[in-house]
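In what comes next, chain A is part of two complexes: it sits with chain B in the first one and with chain C in the second one.
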Partner chain A sequence: MSGNRLIAMARKELIQIRRDPRSLLIALLMPIMQLLLLGYGISLDAKHIPVYAYDQEGSQDSQALLKRFQASEYFNLVTTVDNYPQLADAIDSDRCKLGIVIPFDFSERLRDTGTTAVQAIVDGTDDNTANLAMGYARAVISGFSGEFQRDWLARQGLPVGGGGPPVSVDTRVWFNEDLESRNFFIPGIVALVMALVGALLTSLTVAREWERGTMEQLISTPVTPKEVMFGKLIPYFAIGMLDALLCLVMGVWWFEVPFRGTLFSLFTTTALFLIVVLGVGFMISVGIRSQLGASQIALLVTLLPTSLLSGYAFPIDQMPAPVRAITYLVYSRYYVTILKAIFLKGVGIRALSGPVFALSVYAVAVGWFAMRAFRKTLDQ
Partner chain B sequence: MLRRILHMLIKEFLQLRRDKWARFQLIAPPIIQMLIFGYAATFEVNRVSTAIIDFDHSPESRELAARFTGNGRFQIAELAANRNQLGDLIDRSKVAVAIQINPQFAELLRKGQTAPLQVIVDGTNSNTALIAMDYVNQIVTRFGDEYKRDYMNRVAPQYLPFLPAVQMEQRPWYNPDLNSQWFFVPGVIGSLTLVTILNLTAFAIVREREIGTLEQIMVTPIRPIEFILGKTVPFFFVGLAEVALVAVAGTLWFSVPFRGSLLVMLLGSSLFLISVQAVGLLISTLCSTQQQAFASGFFFLTPAFTLSGFAFPIASMPKAMQLLTYLDPLRYYLVILRGIFLKGTGVAVLWPQMFGMALLGAILLAISVMRFHKSLD
Partner chain C sequence: MMITGDQPASAVSVEARDLVKRFGEFTAVDGVSFSAARGEILGFLGPNGAGKSTIIRILCGLLRPTSGKATVAGFDVAAKPEIVRQHIGYMSQKFSLYNDLQVIENLRFFAGLYSVPRNLVDSRIRAALAMAGLAGHERDLTRTLAGGWKQRLALGCAVLHRPAILFLDEPTSGVDPISRRLFWDLIHDMAASGVTVFVSTHYMDEAEYCNRLALINRGRIVASGAPTELKRHLSKGALLLAKCEPLGPALELLRYHPDVLEAAVFGNALHLTVRDAGAAIAALPQFLAEHSIRCTGLREISPTLEDVFVELTGGRVRDAEVRPE
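And now, the complex of A and B:
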């Protein structure tokens, strides 16, 4: 490989990038926009869940229970309705997520026969929000129940002990103390952005030369396939690293996500990941000579797999075993693991030897395949 | 005019047929992706790896620990020997939840005082942590209630039947088992269609321009509007076929109910495709190379995905971003899909979404046609 020719190739590519400022701008703007949107937009936290109440009794007790819903920051008691159809209609059209139905004999049964039940009708369409809403509702109701019980026991002159529930749960949350979903997502978003930008940059680079007929010109020069490949990738690698820096700066200074690791481990792993991403894009570009085809395949192998199978939002350990096996093919999963560990746990490269090794294997394999495929297409 | 459009259509279909990669992309991958993503996309929390350390070794503490073991939500990975080991297990992500039962647990319980239970949760994944904490609370609350009843039974059995308590009967509508797949399968249908059709449409005109065939076409008697129709109509039908393919695969495989009407589905999907194609056309008229079109497509797709409510509830977004979601065709379509599949709602409930997509489509189409005229001059 000749250094001169390599530099010449990289310069040629750089000039081409400069001539298309719009694509370059998108490559630099995309991380910023993505981080802003995802950083502010995604949250699974459910607060102020809209609640409709259907209080069939309208007693002091039932009102006391509803007041607790009103006081909770998780719920927003929108209105009370007088019948089931109104409630059904509200849930159908997404005006409320939770309906609390208090039976007509609520306080009577509570005072005479002990146990009574309140219905919590929840819109199960979004199962996660439904689960959270039911959990919060259960906490409100059991709080009411516990207090009512203690008052009653005291009135009966029965031993009530310390006045609290028998067992209290004293929870400590580690690593993400405020349970900010942003802290969990931002490192993953960085991985997502890098994977997308990488594919975007390189997946059309060779197909374009074929489609425009400039590939023949390249072949007629003394430049070797290896020089073409590396020469083409060097400028994109620089852009990718710039993107990574942008993401880091925004994540840490704008969103104030804790960064507990070292810059060294962050940048070495990022460089490794970029090599894989750019290599995959290059491979697609070599394999498919039409830009339309290459773009479709690039979308197919990057956008949705990175969004869904990398573990950035959906926990991999909850997936069924065959799908979990597939995630090992998704290179972003290793980088997501690495980033989350570096950001939130502050572990060093040594603790991350597993995913780093996997990425290295990937990088070597992708490089080898891309090289081979490229040489073969030139022979034809 | 109709004949000219027909000829354009034939030309486009021939071109699509000749591009074997673009063609291949339309059939096998969507089905495979549907199946994989249907399984992958879930926020359900099961088998939480948990460590328990019991300093009390009383019958009470053992019973509480057993309740965590005999529950599908938790998987007891380790019985830690000391406090340091507990922290270490969380540090190394061996467990997500660590439970510590303190030495005087039973003593406090028997005295009728509150016995604290220490729980450490790995908050890295905030959602998993929240749901796991809710499970812990449920188990502990039930244990506490039963203990109290047991205690009453011993000291004042005659009062026990009258001990007041309020229980919650949960009634999840539309998805009684709270099956995650029922929520995500309709979403995957919309997302897959968006990705494919947007890219195909965005490339349609740009490719002709980049290769230089646009000039050839423009010297024929075809009018710009006919040209645009000829470019988009084929992909409209490709899109409908794709929706049908993915929807059938998804509903049959994951047994997601389809409670609405096919006609509403057809109407909603058509409006969605028109609005997506309008975005694609706009990109097409703004770009001069396929590389630019690809980049712009990406630039649109990634936020469209985020803002759609596919995974992250729109209600949890800040107000300004909620407004931004109205520019996203996928946002409307997902409400329609979930409404049709799970709730069985019809046009009476879904018309605002349909109107939104129609309006978005009409505005973008008008802009694209205007821009196209200009770019030819």
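And now, the complex of A and C:
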């Protein structure tokens, strides 16, 4: 490989990127847009779920229960209605996700028998929100019954005891203490951005030369295929690293996701991932001699597997076994694992030897194929 | 403007033997052999799709011949394309410099790719700018240049490494006549300094500038030699220029006249190849008048390359069957 020719290639490519608005948009604006869109767009946290109440009794006890819903940050007690049809109508028209029906004999049965029931009607069209709403509703109601029980015991002059159930779980969540779904998503979105930007940018680079007819002149010179490949990819590698930094800054300062790992482990693993992504983009570009076709293929082969099968949003553990097996082929999954661990757990490269090894294998394989993909000939 | 090629002492710088190139069913080059000596300007003349570009691309190592062998600067092109590429400059038919780069950026890029020694880069680029008439326009975007300047810039880029052999594939297509003239002056300068130049063209006037010509039709060399030699080729008889009214019926009639070997339209007149000029000039006006065709002029002329081409191929250079290359 000749340094002269390599530098000439890289410099030319950089000038072309600088003058090409489309490349600049993909390189700089797309990461920001994607982080903002996905960072805000995807949230599995349910807060302020709208609630309608149908209080048939209207007693002090029933009001006390509803106050607890009102006080919870998970619910927003919108209004009370007077009959079932109104409640059903509110759920149908999406004005509430949860309806609480308090029966007319609520406090009577509570005081006489010590047990009673309230009805919770949940809109199950969005199963995640429905599950959360039911869980939170149960918690609110059991809080109410616990307190009621203690009051009742105290009024009977009986010992109140510990005040809770005999055995309870004292939960402590590690790595994402507040169970913010954003903390779980953002590192994955970074992987998505890197995969997409890297492949999309490089997919244009060789196709552009064919499309504009400059390839014929280029391959009539003594430049070697390896010099073409490395010369073209060096600028994109630098852009990729810059994008990684951009994502890190946005993730930490804008979305306030914790970053507990080291910059060293982040950038070494990112470099490894970029080699794979750029190599894939380069091969697509060599194979498909039009920019439009190449960028579409690049979108298809990076966006779909990375968004569905990398575990960035949909946990791989919950996938059926055959699909889980496929995810091992998706190189992004290793990077998603690595990023989540570096951001949230703060572990170093050593703890990540598995996924880092897998990425290295990919980097070597993709690099090997990419180096052989480009041939200096006009023969198809 | 002196550009000297540093090439081996051998007098033959390019040799092709029985070159064949097939694209699927289509045979683009069909058993072509030729050689060119150092400092020679060899022209390939033929219609679009005749195989000129394919031959040049094979010689540059851009296409592999289906069979046959080509040696350029002493090296087998198919076996050692990279070494060959260090000794050649190439200008493709379609302008193929980077339009989104400045003039100077294109020159620097190709100087880098050709590994021009660092201490020579500046002087070579200055020479190329002077040659192209682009001094003072270094920072212009290449896309903004007019055709003639683009063409000369492409030539400047192709000779930055002082190649021994230059391949120019229709270098002047789409360029104004004055720019074409300028371009040919440059080519002659280079040949004078020992560079072997291959040029393909379908312009007859340009073909006359070549030392040697190969007439190409349907993938074959139908004749080759110096332009004057080729014109002497037309040995079957004499050439007449006939001005007739109306032209179409006149052509149809004369084609089947026993004295006329060949008839073709040239501009607004007919070129007739006849056995005996004197007899034909005496007989034909009467013959045409009998078929109510007015003949306003009939005289003997000296043949052009186009006439040679018509005689050899039965078709014109410009409008022979077109097939994309």
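Keep in mind that, in the parts below, the second predicted complex is superposed on the first by the 342 of 380 C-alpha atoms of A that agree within 3 Å, B and C clash if a C-alpha of one lies under 4 Å from a C-alpha of the other, contacts with A are read in each partner's own complex, and residues count from 1 in each chain.
Rule of thumb we're sticking to: a residue touches a chain if its C-beta (ideal position, glycine included) is under 8 Å from a C-beta of that chain, and two chains touch if they have at least 3 such contacts.
All values reported here derive from a predicted model rather than from experimental measurement.
J.: Once both complexes are superposed via chain A, do chain B and chain C end up clashing or fitting?
T.: Here the two partners, once superposed via chain A, fit next to each other without clashing.
J.: Would you check which partner chain A:Thr224 touches, where first means chain B only, second means chain C only, and both and neither mean what they say?
T.: In the superposed model, A:Thr224 contacts chain C only, not chain B.
J.: Check whether A:Glu216 is in contact with chain B, with chain C, with both or with neither, and answer first, second, both or neither.
T.: A:Glu216 sits against chain C, while chain B stays out of touch.
J.: What is the contact status of A:Ser2 with respect to chain B (first) and chain C (second): first, second, both, or neither?
T.: Second partner only, chain C.
J.: Which of the two partners, first being chain B and second being chain C, lies in contact with A:Lys12: first, second, both, or neither?
T.: In the superposition, A:Lys12 contacts chain C only.
J.: Contacts for A:Asp82 in the overlay, against chain B (first) and chain C (second): which applies, first, second, both or neither?
T.: It touches nothing on chain B or chain C.
J.: With both structures fitted on chain A, tell me whether chain B or chain C touches more of chain A's residues.
T.: In the superposed model, B touches more residues of chain A.
J.: Determine, under the contact definition given at the top, whether A:Asp20 touches first (chain B), second (chain C), both, or neither.
T.: A:Asp20 contacts both chain B and chain C.
J.: Quick one: is A:Glu256 in contact with chain B, with chain C, with both, or with neither? Answer first, second, both or neither.
T.: neither
J.: To be precise, I mean the smallest distance between any C-alpha of chain B and any C-alpha of chain C in the superposed model; what is it in Å?
T.: 12
J.: For chain A, which residues belong to both interfaces, chain B and chain C?
T.: 20, 212
J.: Within the complex, which stretch of chain A touches chain B?
T.: So the residues of chain A touching chain B come out as 20, 22-23, 26-27, 29-30, 33-34, 37-38, 40-47, 65, 91-94, 110-132, 134-135, 137-139, 141-142, 144-145, 148-149, 152-153, 156, 158-162, 164-177, 179-181, 183-184, 192, 196, 200, 203-204, 208, 211-212, 288, 290-300, 303-304, 307-309, 313-315, 317-320, 322-323, 326-327, 340, 344-345.
J.: Once bound in the complex, which stretches of chain A touch chain C?
T.: 2, 4-5, 7-9, 11-12, 15-16, 19-20, 212-224, 376-379
J.: Name, in rising order, each residue of chain B that touches chain A in their complex.
T.: Going by the criterion above, the answer is residues 19-22, 25, 29, 33, 36-37, 39-47, 64, 90-91, 109, 111-131, 133-134, 136-138, 140-141, 143-144, 147-148, 152, 155-156, 159, 161-176, 178-180, 182-183, 191-192, 195-196, 199-200, 203, 207, 210-211, 287, 289-292, 294-299, 301-303, 305-307, 311-313, 315-318, 321, 324, 335, 338, 342-343, 345, 349.
J.: Quick one: which bits of chain C touch chain A in the complex? Just the residue numbers, please.
T.: 57, 60-64, 81-82, 85-86, 88, 90-92, 94-101, 105, 108-115, 154, 157
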